[in-house]
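Notes follow the structure.
First chain written, first letter: the chains are A, B, C, D and E, and each begins at residue 1.
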Amino acid sequence: MQRIVDKINELFANGTVDRVLGWKVGEFSYDRTPYVFTKEGGLDGFAYDSFCANNLSKYLIAESRKEGKVLVLLKPCDTYSYNQLVAENRIKTENVYTVSIPCKGKVDVEKLKAMGMTGITDIVENGEELTVTTLYGDEKVNRCDVLCEKCLACQKTAKECDEAIEGEAYEKPHKDRFATVEELEAMSPEERFAFWRKELSKCIRCNACRNVCPACSYIKCVFDNDNSGIASKANTDEFQENMFHIIRAFHVAGRCTDCGECSRVCPQGIPLHLLNRKFIKEINELYGEYQAGDNTESRGPLTSFTKEDCEPSIVYEKGGK
Amino acid sequence: MLKISMENIDKLYAAIKESRDLFLPIESAGQVQFAEYTDDAVVRLDVLKTVKSAKDAFFPQSEDLMEFKVCGKEIDVIPPSGDMKEFVIMGVKACDAKSFEILDRVYLKEPIDSYYALRREKGLVVVQACGRPEESCFCNVFGIDATAPVGDVVTYLVDGTLYWDAQTEKGKELTEKIASVFDNADANDDAKVEASKAETKAIMEKLPFANLDLSRFNGENMMEIFKDERWNELYKACLGCGTCTFVCPTCQCYDIKDYDTGHGIKRFRCWDSCMYSDFTMMAHGNNRNSQMERFRQRFMHKLVYYPSNNEGIYSCVGCGRCVNKCPISMNIVKVIKTMGVTDNE
Amino acid sequence: MQVNENKEFRPRIVAFCCNWCSYVGADLAGSSRMEYPADVKIIRVPCSCRVNPMFILRAFERGADGVILCGCHPGDCHYSTGNYYARRRMTMLFSMLDYLGIEKERTRVEWVSAAEGAKFAATMNEFIDTVKNLGENRKLRDLRCKE
Amino acid sequence: MSLSINYKAEAENILKISGVNPKKCMKCGKCSGACPAYDSMEYHPHQFVSMVQDGDLEKLMKSDAVFKCLSCFACIERCPRSVAPGKLVEAVRLAVIRKQGMNRLKPEDIPCMLEEELPQQAIVSAFRKYSK
Amino acid sequence: MQRIGVFVCWCGSNIAATVDVAAVAEAAKLEPAVAFATDYQYMCSESGQSMIKDAVKEHNLTGIVIASCSPRMHETTFRKTAQAAGLNPYMVEIANLREQCSWVHKNKEEATEKAIVLMRTAVAKLTLNQPLIAGESSVTKRALVIGGGIAGIQTALDIADAGYEVDIVEKKPTIGGKMAQLDKTFPTLDCAACILTPKMVDVATNDKITIYSYSEVEEVKGFVGNFTAKIRRKARYVDEELCTGCGACTEKCPSKKNPNEFNMGLDNRTAIYIPFAQAVPKVPVIDAKNCIKFKTGKCGLCATVCPSNAIKYDQEDTFVEENYGAIVVATGFNPIKLDEFGELGYGQIPDVITSLEYERLMNAAGPTKGHVLRPSDGKKPKKIVFVQCVGSRGQSCREKGYCSKICCMYTAKHAILTKDHYPEMDVDVFYIDVRTPGKNYDEFYRRAVEEYDVNYIKGQVGKIYEENGKVMVQGSDMLGNKQLTVEADLVVLATAIEPDETARSIGTMLTASMDTNDFFTEAHAKLRPVESPTAGIYLSGVCQGPKDVPETVSQAGAAASKVIGLLAKDKLVGNPCVAGSNPLLCNGCGQCANVCPYGAISYVEEEVRGPGVREVRRYAVVNEAVCQGCGACTVTCPSGAMDLKGFTNRQIMAEVDAICK
């Protein structure tokens, strides 16, 4: 973190940037809020640690339209979102200074809570071990057991930025990112239906998944637009739950970088990334490996084609059981 | 006071179910919500906070209001039946119980919201004292005693036993009907309950937000707070999602929508969020155009406008759900701490 | 609910046909007097690429039991590339529906040229049989639309 | 030795093993035009394609041609339609030597073939190629 | 609220026998938006149409649904009827009760039931219809032809003949293209130059035609009727105005050892040169790479000898910007490179040459003055072997998947001409198939075999190598089932052709779609073969696919006639069912432009105003003159900002709703 602070101060001092989009400490040892630090205000409260999970790239849509140059801190996964947003002309790159920063995976406090730790007053990180102080006693957990879902299968390395701050080497978690998708595919349709009913019925339509998503940066979403014909504000029927999530996933298909923010922010813990990853997996298998945000030029798989593409009937053969 | 061992708790549920619908904190797909009890439900009375609050029982997220049937060029209006089975909601914590009072002040004031009133009339609230408060709890700031919740029946869950203490006529009536499932509690039990309450209270005092200062929100600084420059800082990270609103026990705004079924219209209302860009959208546009204004509205309403219309009662019960769930960790506590002191301090 | 066992299940089928090939193919089936059940109702769209996945979901929401999309054969699109995009979109949509546990046979894409009246009729007959075997769409409909 | 071989089935099997699609052949003859062992082969690369396609395998399997092929793969390299006749020759040869007792090269034959100049590797690879 | 009239047609008994038309009309009357409904025997008849017109007036209708035969039959008829009745022609919807109901169903009850649903569906859609007015745009009466080969020349001449201005942009110093390099043309054996050069002169003297030689199209903007092109005129270091084409400079130039492109490198030219005697314009160009003046600064001989002071060493590239109504692509072809065909020895063995090189060898104006002499030793060969399909019809990456189409015929031509000049020479042709569709083509080929005794060998060549000063051609004789090794003195490879290397970038510039081989795609393979799917772009010659001269000329004429048809119009009336983007919803992400086959979508960054909105945003703008209304963009748009008039999201959903009711 010190190296990041030093670098920012250097760039403040030499006038390269005017503002910094980073994270600010909160009330607990684990809550971090995206924050714009200014040259004048300094870096008071700045933090970069295992709890800075937010993908900051989406904030650049607004921040890059303001006067002056804004420095953005991008974790490796966020660099892809940044590229994708640039590809979609959402960011005025001339006003942005990108700095890639190292990441060893972020800690998901919800997981600690699910392990029964409540009343958390402090979390101290010591290498691969976390010491959690709670009102009801202290506990130790392995860092790798409480990583965010999105970090468990993350193999991303940072794309090119204006500046790169390297971190120490570390062993990436090696969960296969499609393992759960494959498990679901192996189920019977009835089992799959039951699985998704159970998950999606939790949805409260708070739109956190949508609003946090860098790919969902539309001025007015079809679900908010009464003229779209499919606007709806609440899950008034099972169908509306399914519909919302199918369309949400479909609208980001081929553009989703798999940053995993949707699942992370879902207050109901719905594994939304499994919908996105299904599309990613299908695209990879049917149209060739594609990573959204890998660069700012290539066409998305759903806005391109080859004459030899498979027919939709492949779903009958290839689809789940 | 009556008691029942948690081993036999299903008998209690079954007894209640005989005459009424029963809502309990039930776990499904890893999350606990108030939901209708069924035989295979996993009841989690031990869980402190459900994701959504208990307000669903009286103010559901979506609720049919009326129906229009279209037949040729004729339209039939089908009003709501006004009929509803009595129900019990159990396991409500002190904060949520207090939220009912806050909602009552909105919906039971003239003009009375008949849908809400009907549910209030048919519903019986069984509250439960808190056992293990969390770091995000701050109900005490609003004068709520987590160990003495207000409801038709108060319950305590201590060492695998549920203690049952009817408070109101409604509560006593139900208790009589199902008395056979209970044993009587004795003085020893009273002591156990008291000890548990004392233990909880001791922890409450140690909570990080126990001493949150609300003094600036005394109804006298409305414009000063409204115009405060620091809103511009606070709102900045806000995504404009409705998570805080939808997990909040006291948020009471709704939107009315029509659903065209092809044979007519089903008119329903559903929760709305002042964080949404189309909130209170009117023909001329929106009266709060920026996210800053929307963000400010939510907290001004909870901490300033509502109290000024309701004898100083805040529209927040300190349940801490928004603190837990906000995707960007911005919440009412941070707002209180920032706005609670004047800018030049 | 009373189920009348004697009454045969009549599925509701929505067929989207592109204006240049499949709609003409359907017309040809008509002028050649090739029969298929009346359960199929055709919606004319300029091109298969005009069909938004939302339309397909909408049909199911409203109680359709099967949705079929017909367009020009790949390579023959009047707009040269429309059906290629439609092909990818529908492949994605169908695989998602399958992933959610919804019967994959309820949706289908078939390329029918303006000359393939017989294929149009045969496809419709076959599709209706498939959907009949699946029975009523229960998993993907808004129950409020049921009369 | 009398062997009862179902040549039709064997031909299909050979197509499967070799992965060759004879329908792609446009009968240009470039394979045979490129073949350095043409004159010593009773049947030529292009004939392998049509004969296997026709199920006319008996002649091929009984012919010496499979052992005359040098496996230089010029035919595979040059074929404009990627038919790869050489793979068929290989597959037919395999089909021959896999029949019991049909080994072309037996261990006992080797000593008399040894020559000072002959690299060890050649013997090993020939043995691999001509024997089961 | 709309007031809709529903008119149910009996179509004699075609509909009425299977559908209870009266019941359909009665059902229509119950629809909230329907103000009038009736049925009639023949809606398309005079009396049927006047019935509609009367009803529109009497009941003050805002739109009409005709429940009749397929819209493909009478949609236009009823649109005109509506227009005559004072309605917008697009306030008409057709319910297809004949082709898609009465003719495919037998059970009257079921058919009637379905007919009612189809009627309701049409009503539901019409309820949401908006009057549509087709947009108009002007037409610049000038055409641009890219490429000055025979295709471009013919197209330009034909367009100019109709009285329109045409500009030809040719990247080489002269027009003429590949045809100028040919000796004779099959099957009549006219001399190519004799039939081409008069056309070149016509072009040069036609006051409607401007030639930009040694120039390239740099940028194209706009749309059908209104293109703007920026043309780079490369510096040729010779003033075209002043030069008289006397050739004094080329005679005196001391840098003489530069490979002559026109003769396929078989001889040399000077650094300042005129590609060939009949070049148009007949103005030399300095090859700066080999010019001593440019290399060392010393020399300047050409400037000294030039009688008209036309040599300008300081000339720089200049740019011309011009407006056009139509653009014709005539970028032609090149033989493929044979680097990867090592087995054929091209490049290693001097006496293995390509057909185009042979063409130059035979040409009287060529490096050998028309005598067939071996490049290696300048001796007359005794035996020549021709190899066909080199690089054509293959599947591997070094080959082209298509048939180059012209090789069979020009090989026959080469064989005949060779035998004609040198009856004693032996000529073999290795072939896979001989393809001779075309008038007098097969006859021509048969003459080669029967009259001229050319030895056609069915089989391909596997290997070419040198031995004892001979070129050994090893190939198979498929019919004789033997392998041959022919001792040849000269081998000619019928090399595959491919689109010119500039085609791809020009295609991108014009947003004209191309296939994987870089041939331009036609708007319809059968029905619109000379038009690109992008409106206003036309295709002429080999840039669209392999062709011989007669085919190229006829396609060039066809393209010209299409261009003339366009330029003859004062206004273009568009299809009103086009896409449109709502700036209040669009965020300019750029996905719609990706899927638009016509390049109709561009983006602007302008102030957007709406309820509570006033800010500068990037948003999509559809050029209505270019959009063809396919709707690909509407589905790609996640925000629903893009919609298609006449087939809006709401309309289609209303149809879905009505069907599923």
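Observations, loosely collected:
Just so it is clear, a contact is a pair of C-beta atoms (placed from the backbone, for glycine too) under 8 Å apart; a residue touches a chain by one contact, two chains touch by 3 or more.
None of the values given here were measured: they were computed from a predicted structure.
Where touching is counted per the definition, the chains common to subunit C and subunit D are E.
In this assembly, D is the chain whose CA centroid lies farthest from the centroid of subunit A.
Seen from the C-alpha centroid of subunit C, the farthest chain centroid is that of D. If you compare B-E with A-B, the chain pair joined by more contacting C-beta pairs is A-B. Subunit A and subunit C have Cα centroids separated by 36 Å.
Subunit B and subunit C, compared by their mean Cα positions, are separated by 46 Å. Averaged C-alpha coordinates give centres for subunit B and subunit D that are 81 Å from one another.
Residue positions 595, 636, 649, 653, 657, 660-661 of subunit E each touch two or more of the other chains.
Across the assembly, subunit A contributes residues 220, 222, 229-230, 236, 302-303, 307 that each touch 2 or more other chains. Taken residue by residue, subunit D touches two or more other chains at no position, since every residue touches fewer.
Contacts between chains form some other arrangement here, matching none of path, ring, star or all-to-all. Contact annotation for chain pairs lists A-B, A-C, A-E, B-C, B-E, C-E, D-E, with touch applied as defined. Chain contact summary for the complex, subunit E toward subunit B: residues 30-32, 610-613, 657-658, 660-661. Of all residues in subunit E, only 70-72, 96, 98-101, 103-107, 110-111, 113-114, 117-118, 121, 513, 521, 523-525, 533, 577, 595, 597, 628-632, 634-636, 644, 647, 649, 652-653, 655-657, 659-661 touch subunit C in the complex they form. Contact residues of subunit C toward subunit E in the complex are 12, 14, 23-24, 26-31, 33-38, 41-47, 49-55, 58-59, 62-64, 76, 78-82, 85, 89, 121, 145. Partner subunit E is touched in their complex by these residues of subunit A: 87-90, 216-222, 225, 227-230, 251-252, 299-300, 302-304, 307. Listed in rising order, the residues of subunit C touching subunit B in the complex are 62-63, 142, 144-145, 147.
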